[in-house]
Amino acid sequence: MDPIVSLLSSLLENVRPLDAGEPAQYIPELASADPERFAMAAVGPRGVVRSVGEDNVEFTIQSVSKPFVLALALAMHGRDHVLARVGVEPSGEPFNAISLEPNTGRPANPLVNAGAIATTGLIPGSDRHERTATIVAGLSRFAGRALTVDEAVYESESETGDRNRALAHLMRSYGVLHENVDEVVESYFRQCSVLVTVRDIAVMAGTLAFAGRNPLTGEQVVPESVARDVVSIMTSCGMYDFSGEWLMRVGLPSKSGVAGGLVSVAPSQFGVGVFSPRLDSHGNSVRGSILVERLSREFGMHVFDRHESITRPGIAVERTSEGLFVRLGGELAFSGAERVLVTLRELIHGADVNYPVFLDVSELAHLHPAALTALEAQLRDLGTQVRIIQ
Amino acid sequence: MDPIVSLLSSLLENVRPLDAGEPAQYIPELASADPERFAMAAVGPRGVVRSVGEDNVEFTIQSVSKPFVLALALAMHGRDHVLARVGVEPSGEPFNAISLEPNTGRPANPLVNAGAIATTGLIPGSDRHERTATIVAGLSRFAGRALTVDEAVYESESETGDRNRALAHLMRSYGVLHENVDEVVESYFRQCSVLVTVRDIAVMAGTLAFAGRNPLTGEQVVPESVARDVVSIMTSCGMYDFSGEWLMRVGLPSKSGVAGGLVSVAPSQFGVGVFSPRLDSHGNSVRGSILVERLSREFGMHVFDRHESITRPGIAVERTSEGLFVRLGGELAFSGAERVLVTLRELIHGADVNYPVFLDVSELAHLHPAALTALEAQLRDLGTQVRIIQ
Amino acid sequence: MDPIVSLLSSLLENVRPLDAGEPAQYIPELASADPERFAMAAVGPRGVVRSVGEDNVEFTIQSVSKPFVLALALAMHGRDHVLARVGVEPSGEPFNAISLEPNTGRPANPLVNAGAIATTGLIPGSDRHERTATIVAGLSRFAGRALTVDEAVYESESETGDRNRALAHLMRSYGVLHENVDEVVESYFRQCSVLVTVRDIAVMAGTLAFAGRNPLTGEQVVPESVARDVVSIMTSCGMYDFSGEWLMRVGLPSKSGVAGGLVSVAPSQFGVGVFSPRLDSHGNSVRGSILVERLSREFGMHVFDRHESITRPGIAVERTSEGLFVRLGGELAFSGAERVLVTLRELIHGADVNYPVFLDVSELAHLHPAALTALEAQLRDLGTQVRIIQ
Amino acid sequence: MDPIVSLLSSLLENVRPLDAGEPAQYIPELASADPERFAMAAVGPRGVVRSVGEDNVEFTIQSVSKPFVLALALAMHGRDHVLARVGVEPSGEPFNAISLEPNTGRPANPLVNAGAIATTGLIPGSDRHERTATIVAGLSRFAGRALTVDEAVYESESETGDRNRALAHLMRSYGVLHENVDEVVESYFRQCSVLVTVRDIAVMAGTLAFAGRNPLTGEQVVPESVARDVVSIMTSCGMYDFSGEWLMRVGLPSKSGVAGGLVSVAPSQFGVGVFSPRLDSHGNSVRGSILVERLSREFGMHVFDRHESITRPGIAVERTSEGLFVRLGGELAFSGAERVLVTLRELIHGADVNYPVFLDVSELAHLHPAALTALEAQLRDLGTQVRIIQ
């Protein structure tokens, strides 16, 4: 078994016994979700998607769609145009709060319902079908495959959607939403009803993590600057009024959805997706949140961890008569292991199998256990000629 | 002239003509500040402090003290104990808002006045003098020199401090502040009245940027985990209800003070300090904010820029018969140039002067102009044997 | 000229020069209103309507409809049923605030837009036309004549009504509004577009002042207990977040409309209507408010003035050989004069014209000037045999 | 037994079994109050105080002092000066809310803690002792006897008074409170600790009900206009965020205190005081509130009941050969019975005992049962010659 998959699997199993919370109850399709379902996927810079648990179960994307539709709107209209319609500050209020900025009438940010509806309104389309088609196509580019809408969920969302209609009418009364309220709101309900797997949302998160370039398809879905803006906004506002504590504890820009989906972005490192339908009082997946917190800690993924120190001075390569010495300095976290392997693969590729390769980690100031696991496991796959000097 | 100093100087002069805003008016000592004063300093990982403008003028630290006293409290008591007294979410309100969390009575975060006073209360001391002494000593360790209190400013702060007394009494009524209100508030006023230069606050910011280790003195002032927590909180809450937009636009955890000081942290890269007394309506230094925004853009310092890519595959060193080839891959931003130089210095140190060194930047995916400037300038200092291959 | 009309006319002319404020601008029909129009009407317990100024100009009733539709709802459903849908506390917020009670989801009170829409929803009707017909019929009973809807204003209200639609959807999402949102909102817009004159709204106010009995038609439009409840709610909430100061200064339960109408209720004394389209920042008629304040002061109509003292010991009648002596005790304010005249008319009716009548006011503790004016003027109309003993 | 006392007693006994709520717990002196204590007193215009239950038990006046100190401040400084420091709108928030008006910094009204402290600050005094002396002297004039301070309660209030100190410092920071915070707050704590009986507070309420004139001592304690203003403010704000519903249901301007006291004002009719220490979640006496609600209903005291109709046409007196006929018209509620008796007493005084007196109530539109009870009982005391014609 792939050693990283093995690590992920062990994390998943540790968290699985937690059974707090319950699935969203406001529509039958969500209320009847199997609460035991649990899955996680992660994608690295080279597009390898690793997943564990029920990774082929489809669920509705719900609010996880918000940062990606925001990215589409930013790519189409530019930052200034979008900011005229929606702010980027946490609201200090629940996700469905009925509050707009006093002077501008803008919703607080694009990741609360009001702001997400305003953002959906920015996606062009002569009617709800055209707008929906554009959105689904955009989300599909983030996911790297053609996504579809769950019409039953859409119908239920629309039936119970008075609060979102209220938000849309309110924004229209402020001139923040220019479009036809009914058209926009129905598009929004369809956007929330797009079906995804945990692998899909990991790739979507990965597209943001790797500067707008889908690691699976290689497509530059949105410009780098747009990806950076979206990651910034997810940092500030992605976990609603828990965003500050989430940044401190977990350190990964994230966004959850009411069906149990959760995406996390480790910039330049990983895109992560989790799925578990039981929600806490904030509407976040209980096991999903804890799993991401542990993943971040275990793999050293906090954005303010000193990732860069792993390459200070980085990787020094010296060819001697005894063999090829690859010396690592600084710290090595899980995220650095992958890079080291890239370098090693290139060095070994086509090399004389009798010329030994030594990976010297003895001078590392700190070596994270998960990094050593990953190195050992992958070196085994490469062949026996690489020896680790500890 | 040092090429980095030259870059900083040119940035400063570009921003200098802006004259919007005015110095704080609530006490005579601040109201009478020379509004033209303007200075900036930056410190890198090796402790070199570069400064431009009026870098030896002292001003009171004011709210810039807040993240550092927070760091001291976290180091003394641990995260859980501190979080029992103060939250870490942006308040969505002005810095001096009279609002506490509904259920807990905690102030929103340690960077608004209420939270800062609660934090000051966590610093031990049998009376205000002992507590003040502990705080000043702690701030001095962050600055790398012995700081002192401006007693005239302190007196004025104390005279006009009814709002802060109100906050303290309110927190005491909620059981969030256990200490004697008068003792804590007077300590807080003294903490705000500590005199610093722009070089001092750059070093203080640098101590957070380099994981709690003062880059000037080498002292580990607070543990790495504490520095990470403080940087996280500055990201979420440091610019009050502008924090989300600041993160998106500037991407540097920051904190301003009402005397015109401003610190910014570029994790693992720089500590930055700016001083300019004219304030905007939020109480942030007008020129200071713009200068940091431009600095971040020019030097590629946004936390969600792809800093790490500069070392993918990083620095590859190969000794050939023609000379020593140092090949750079990925992107090279200003912040990476410094590291390249460290490596080069070590390679060159004690090497045969007739054995030529080539720095190959031709395979970089992207080379930031500021980075090339820095490389060229510093290589000149090292001697002529290093040739850049573009 | 009727002396009371003369008094009203002089009050009106004193206030007329004020030209602060401007007509409501949100729809063209209101924006184009002649700002100079000014009229007032008052109706006493016997149904005499006295009016001055442009008393036959029609304008839309707007929010002046709210207390009357509330009265209809209370009469139909009872207090408990209505209170389950809407509170009775001032909101401390503007009339169109988007806020509902935290736990119940009820709007603050029936006199802000949200509460008024909820109240309209309580009026039965299989569709908007039936509901509108019921409402217009009810308002007509309050006014004592058949009222009609201004369809042009209705169309404009509907076109710009997104904020009210937002409120209705929001209440529906809370389960406070059970009815179809579109049906209710369109009925509400029509209710606001009912055409009235200042005489109409004076009679409407009079119906509340006289315990639910229309003083013009004699119809008991709503039960006394309903009228009392509505007057109580107008006292607490009728002038939005100025209600407390209005009660202190003016002391008359009142309600204004955005077209410039204003009704005031002097319980058991008068119903008052005013019309002047220029509004202040709260949306209240500028001249209307001042006129009612002066009217209240001049005529001693504040609800907490000592009206009752006029009849302590009241009216004592004694037949002597010299003539009939009617002696008044206590205080006599304007409002009491009317009653004295009722008694006198009955005593004089069919009496011997040679048997003189004396009205003794010499023992009154206080005689308001407006009361004496009213007595003298009306006694003149009755014939010369009544002599006032001062 | 006096028939009114008998009525009051029966009301009290009906309410007595209710045992919801508990005494205030924040200081030991209140927490240890005997929760079973229960008493009521009422005073009419002629100064007769009727009381039932434990009417001689002393308790601390607490917030019941607020309207009376407000009256003193209004009498000293005039309405405009007082309104510059404090508003008159309900706050929509709890009594101890930390919120001031956005633009002015004024507390919402004088009956919440912040406003009451600002009002206390308006009472002159070179230090806390002088200010306290002035306040206690003023409250004593309202009560008609010399009141004293419970020093033990004062000490406890002061020890736990951080929230009130916070409010005072906050107002001082806004320039709403000009005086020394410590002096004002300590005076306020003493004001709250004044000892009263239920009879005292009934007389205090009566002084407001009878236009500022103490019905017991006959002293004009404050001008009529001041009493009217205070009654208006009690109507709007006296029961905090329950004031609107209280006005609708009970219709008596009221104010409660945390020790279990409650005063209600029936303008021109009665002053009422109740005492029962168990409080509801708003801090109002549970049994006290219910008792006043029943009293109002039973005795027809709602301010918007048609009290005045009792004298339309009032009392007509006719001397015939058969006897003296006193004919009543309109409605007769409890409050009118007292006046009828005054008239009868005067007519009977010194009259021929053989000349019979007939009280004709047969033409009354409505005769409240409590009014008939009161008439019958008191006529019995006058002698048998008065016969009631029903």
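For clarity, chains are labelled A, B, C and D in written order, and residue numbers in each chain start from 1.
The working rule: a contact is a pair of C-beta atoms (placed from the backbone, for glycine too) under 8 Å apart; a residue touches a chain by one contact, two chains touch by 3 or more.
For reference, the UniProt names are A, B, C, D = Glutaminase.
The structure presented is a predicted model; accordingly, all values stated were derived computationally and were not measured.
S.K.: Starting at chain A (Glutaminase), what is the smallest number of hops through touching chains needed to reach chain D (Glutaminase)?
M.R.: The fewest steps needed to get from chain A (Glutaminase) to chain D (Glutaminase) is 2.
S.K.: Shared interface numbers for chain C (Glutaminase) and chain D (Glutaminase) above half of all numbers used, same, or below, different?
M.R.: At the contact between chain C (Glutaminase) and chain D (Glutaminase), which are copies of one sequence, the residues are largely the same (over half shared).
S.K.: If you average the CA coordinates per chain, which chain's centre is most distant from that of chain B (Glutaminase)?
M.R.: Following the centroid criterion, the farthest chain would be C.
S.K.: For chain C (Glutaminase) versus chain D (Glutaminase), what separation do you get between their C-alpha means, in angstrom?
M.R.: Inter-chain centre distance comes to 29 Å.
S.K.: From the mean C-alpha coordinate of chain B (Glutaminase) to that of chain C (Glutaminase), what's the distance rounded to whole Å?
M.R.: About 64 Å, centre to centre.
S.K.: Starting from the mean Cα coordinates of chain B (Glutaminase) and chain D (Glutaminase), work out the distance between those two points in Å.
M.R.: 61
S.K.: Where in chain C (Glutaminase) do residues touch two or more of the other chains?
M.R.: Expected reply: no residues.
S.K.: Dump the list of chain pairs that touch, please.
M.R.: A-B, A-C, B-D, C-D
S.K.: In their shared complex, at which residues does chain C (Glutaminase) touch chain A (Glutaminase)?
M.R.: Touching chain A (Glutaminase): residues 98-99, 160, 162-163, 165-170, 172-173, 181 of chain C (Glutaminase).
S.K.: Taking the touch rule as given, give the residues of chain C (Glutaminase) at its contact with chain D (Glutaminase) in the complex, in rising order.
M.R.: On the chain C (Glutaminase) side, the touching residues are 87-92, 108-109, 211, 224, 228-229, 231-233, 235-237, 241-245, 247-248, 251, 267-268, 302-309, 311-319, 339, 342-343, 346.
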